[in-house]
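Read through the structure below, which is laid out as structure tokens, and then see the notes.
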Amino acid sequence: MAGNSYGTLYRITTFGESHGEALGGIIDGCPSGIQLDFDAIQLEMTRRKPGQSAIVTQRKEPDEVQFLSGIFEGKTTGTPIGFIIPNTNQKSDDYSHIKDNYRPSHADYVYEKKYGVRDYRGGGRSSARETASRVVAGAIAKQMLPEIKINAYVSSVGPIFLEKPYQELDFSKIESNPVRCPDENSAAEMEEYIRQIRKDGDTVGGTVTCVIQNVPIGLGEPVFDKLHAELGKAMLSINAVKGFEFGSGFEGVKMKGSEHNDLYNPDGTTRTNRSGGIQGGISNGMDIYFRVAFKPVATLMQKQESLDNQGNITEMTGKGRHDPCVVPRAVPIVEAMAAIVLADFYLLNKTYL
Amino acid sequence: MAGNSYGTLYRITTFGESHGEALGGIIDGCPSGIQLDFDAIQLEMTRRKPGQSAIVTQRKEPDEVQFLSGIFEGKTTGTPIGFIIPNTNQKSDDYSHIKDNYRPSHADYVYEKKYGVRDYRGGGRSSARETASRVVAGAIAKQMLPEIKINAYVSSVGPIFLEKPYQELDFSKIESNPVRCPDENSAAEMEEYIRQIRKDGDTVGGTVTCVIQNVPIGLGEPVFDKLHAELGKAMLSINAVKGFEFGSGFEGVKMKGSEHNDLYNPDGTTRTNRSGGIQGGISNGMDIYFRVAFKPVATLMQKQESLDNQGNITEMTGKGRHDPCVVPRAVPIVEAMAAIVLADFYLLNKTYL
Amino acid sequence: MAGNSYGTLYRITTFGESHGEALGGIIDGCPSGIQLDFDAIQLEMTRRKPGQSAIVTQRKEPDEVQFLSGIFEGKTTGTPIGFIIPNTNQKSDDYSHIKDNYRPSHADYVYEKKYGVRDYRGGGRSSARETASRVVAGAIAKQMLPEIKINAYVSSVGPIFLEKPYQELDFSKIESNPVRCPDENSAAEMEEYIRQIRKDGDTVGGTVTCVIQNVPIGLGEPVFDKLHAELGKAMLSINAVKGFEFGSGFEGVKMKGSEHNDLYNPDGTTRTNRSGGIQGGISNGMDIYFRVAFKPVATLMQKQESLDNQGNITEMTGKGRHDPCVVPRAVPIVEAMAAIVLADFYLLNKTYL
Amino acid sequence: MAGNSYGTLYRITTFGESHGEALGGIIDGCPSGIQLDFDAIQLEMTRRKPGQSAIVTQRKEPDEVQFLSGIFEGKTTGTPIGFIIPNTNQKSDDYSHIKDNYRPSHADYVYEKKYGVRDYRGGGRSSARETASRVVAGAIAKQMLPEIKINAYVSSVGPIFLEKPYQELDFSKIESNPVRCPDENSAAEMEEYIRQIRKDGDTVGGTVTCVIQNVPIGLGEPVFDKLHAELGKAMLSINAVKGFEFGSGFEGVKMKGSEHNDLYNPDGTTRTNRSGGIQGGISNGMDIYFRVAFKPVATLMQKQESLDNQGNITEMTGKGRHDPCVVPRAVPIVEAMAAIVLADFYLLNKTYL
């Protein structure tokens, strides 16, 4: 099954290439009667969009969502919500140089091998621009689940790690700096590091941590569709992601059971939360938290080798306007995918008599 | 949708509780005309089953698969393959003590909250015994894809890590020791460590690394069903898994793009493989490799607190026969899920005209 | 996607060939906490099974269901319900004569062309014996929806039609005769006709009418998964079915809108019910009724031509024990599929906030 | 699962209300490399659109498709094809009179009960205008399967039936008259009948017959997703459809097996084709033919009773521009859904090794 849909009951299907007429999608299964806050939706779009600060790409894209259906007098009607996001600021000539070239660590080569043809402009379908549609679906999912709080933030940029546990952070500070790191000192270091990397025409990776609070007990569908398995798939489906861990994650493997187990309080909460709010694939009411690894952006503003479709090794320098570090703009995308996953499981959980 | 199925075209649906009559499943979509090697299937079952060595649980389960349909004169017929694995060695009385108790870091509590009732014997549906059915489906998937080589092995136990890259390992040694670590020295250390942990009535976590070779270019369905996203979901759906990373993974986040990019050879292969054989969610023909994190087993053979269904904190000691470390037995399960994912994408990829 | 599953939230997947070890299936998505009446389930199995009377096949099959999972202390647990129905009375030698022969109007030929191999014994997977598994899933669906009343009955056999509308029939009489026609006179005629047909070694078709009462308003998922569209698919998936109509059906095409429209009562019910309880694909609370057409059984107890796999036209006479008319035994199957469809939509409808 | 998607591998998801900004959809799974004939697509749109002749509604809708993605330099790329059809000719004030009224035999009442809110303008989502999106997907499916010939035509209008079997008809004449009946005499009668009905402000039903030729052997996925079961569902999902039959259909129930069976020719074709080209749910290479029943349009241009949302019986006369008989415009919709079903099974069938 072509993989452009996500979710079972709350389902988003997206379409669109980086430099086509428009991106867009259909949200099917959104319950009726939700009074939508369109400013809140646009705000999420703005958080994701390029050109927000000196440390991200300077492309200017208004990224305005146009809703075409499924909403009547401001309320969802229970019918599919179709929307488009016109592409208004494409410079296709920026990409003529890659028409016959496969950029290293890009999807150019595999798309051409799999599909035989490819829209090479701006990476076409493989461009992270597609995630704009996910942000729309996520913003509506958030409004469907007002009680659930989802906060993502940048927890590392290159070698600079925010070591504080999320409990010691003030999420209201996430948007206070362009890096989207709630700790001012770390944020400043990260920002400086990105500026330097950028000067060098290089790029760098990083991690995003996401914390989900006030989740009801019972979300998740074992044995295959465990809550963390779907969260993992959703995060790994985001461009440039290389890893996912929740709760104690990769650190937990070194521990003994006697250190790792979360002992109960009489009310069913746990004194520690190495489980990351999920046991046996089902939410247990504690905070859900996970970490997502992003590789460095593949397009460099410096010379590097590439392969042309005649099998020649050529030299190229990235053109166009690209991010030196993707994680600040990835924050709203991580939140959006988390919201979509939760909305889907929330509806699934209602099917128990 | 209740989550007991995995895959779209090659689909496994499993059923069964740890202490019910039988486990089993249905494999739907297996192509017709595959001459099955039943010994090879049983061998995979034996690799997973308990009681293989001193460092795993001493439960004795024959774990014999009985095929009920979809096979005629030794060949698959293209109709659903139904199978059962009778439960022959259950000691339900072992579990009477947890009837009214929620074991820490187990699924007891969330199952009861989600479903209202639970089969408490041996963890019921949340028991890793369910993975026996996955191994059957994986073993047949392997036979469906004879050219593809899937090798998983234990890459860490507690604090002991096998640092060598997979390229320096001899996969033929994986089965030469009970830990399933292909490096003799690391294997010996790990085995000794597990024996010690076991004496203490404690448990420990670890990691499994999986390498998939000879994968054709083109497997994976962007944008949501990327090959690594499905591999991640499949691995995260295995009991006790806390994290997944592929290629450069979490280490890659510290790198610069100029260090991380995989430069091409004229034939389209890459000189390095930080991408882990997947670009843009599609296999590129290079080796696929990933790492899976397993937490320590929650059931301890020492006293620890638990919660009873009256809200009292009680004390209990694990009974029954449990693994001090799950990773050696997890190796065939990781391989099985990888084979199922590949079989599904292999069939999906045939649908391109 | 191999087509051996039906339903989204209440999903049945079946396996098994007519002469294999066993048939069976998995019901996934059945809500937890349903106290099952196993006698009621077995009763449905007995209604479907052969050898009940002189006018159906004399094969003796106990058709006893063995539940393997998903039920604990008599209650559903919300985990998948696995079950098997052993094949105890197969006479495979009955079928050796068709090993190399394609029986006219049977699936022998297309199965061999599609799959390359086939289990020829008793038609293998294409045998109506598969419907035994559907009856299990339907019986449990009925128990999940106690308020909804589903009654199917034989409304025609060959040229003999029961002309009375269902409102004039006493459903309690359906089981009072082997034809399962609630009108004694028609039943007697039909029974006599079938006896005659049988003497001639011939077979005959017929229709089954199904009436579903006390359905809540709102079941059905436009635009594609309309309630009647799914009921139609479910019925058409039963062996030997050639047509489906609901409400005014094929008769309605001759009418004018002014005759056909169902005018409302002040309480939202309608004075007439040509809509058949469904408007725009959604149940409107009125009785749902539909009619299903069954062709005559293809296997005759008289000489007829067939084709062998060498391309020779041969002559054969049906062996084995077959029904001269399938509709009496089809009644519980029609009810079962209707119950499965309703259970699925009932759960889907709960997902609206 | 909200039901706005159809198909597994060739999947169409539609959105849009009759009087919203635009209708549209996403086609996911269309193979890459298909050179599209956009005029042919627009031609199908024109066949469906209103205002084509004196016997259909006089609404003027250009129904121009705008493709937004999935196509590059005129060829499909294998990525999702997003498209919109702007609504340009809506007169919403036409519908203010039904804001608080439930029209008899319309979906107004059930939509409001199911969703709590409804876009009442022109029937909103329940309007047949939604089928415009299906026609786009069907037109592309036809281009994907050039060898397969799909011809639908009007086989009855009210009491006037075209009795000739399809073998005696010249499909090239289907478009030669506004009724889309290939037999001139019947066409003239039908047209005259519709004119009369229209004068009376009344409406009438009819049937559409569809013939599919040059279908390869092997399409269809038993046991639930039989080719005819999916065709049936697809047809029943079209607005106003009340019944579906294929091959011998409802007539076949009266026959004896000795009359009904299709005897083979040495080459595997059959001498008769009562099976309608499908045996056991799988295409057998013979012509597939089926018949679809459409009820009379519910909106009358004469006074009739309706119900208001206060529970009062009121009187109303249809406004807006409506078809007196839907079948002429249903012809391209029936073909489109048939093409979508075939495209899906065609791709599924490629997954057998």
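Labels for the chains are A, B, C and D, by order of writing; each one numbers its residues from 1.
Note that a contact is a pair of C-beta atoms (placed from the backbone, for glycine too) under 8 Å apart; a residue touches a chain by one contact, two chains touch by 3 or more.
In UniProt terms, the chains line up like this: A, B, C, D = Chorismate synthase.
Please read all numbers here as calculations on a predicted model, not as lab measurements.
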Looking at CA centres, what chain is most distant from chain D (Chorismate synthase)?
-> B
Centre-to-centre distance between chain C (Chorismate synthase) and chain A (Chorismate synthase) (centres being mean Cα positions), rounded to whole Å = 46
Averaged-CA centre spacing for the pair chain C (Chorismate synthase) and chain B (Chorismate synthase), given as whole angstrom | 39
Multi-chain touching residues of chain A (Chorismate synthase), meaning two or more other chains, are 1-2, 4-5, 8-9, 14, 29, 32-33, 78, 114-115, 125, 348, 352
Taking touching chains as linked, do they make an open path (line), a single closed cycle (ring), a hub with spokes (star), an all-linked set (complete), or other?
-> complete
Can you list the residues on chain D (Chorismate synthase) that touch chain C (Chorismate synthase) in the complex?
-> 1-6, 8-9, 14, 102, 104-107, 109-111, 113-115, 125-126, 130, 156, 158-159, 197, 202-207, 217-218, 220-226, 228-230, 232-234, 236-237, 239, 242-250, 252-268, 270, 274-276, 279-284, 293-300, 302, 304-307, 311-313, 348-349, 352
Note: in the complex, chain B (Chorismate synthase) contacts chain C (Chorismate synthase) through residues 1-2, 4-5, 8-9, 11, 13-17, 20-26, 28-29, 32-33, 66-70, 72-73, 75, 77-82, 84, 114-119, 124-125
Once bound in the complex, which stretches of chain C (Chorismate synthase) touch chain A (Chorismate synthase)?
-> 1, 8-9, 29, 31-34, 78, 144, 347-348, 350-353
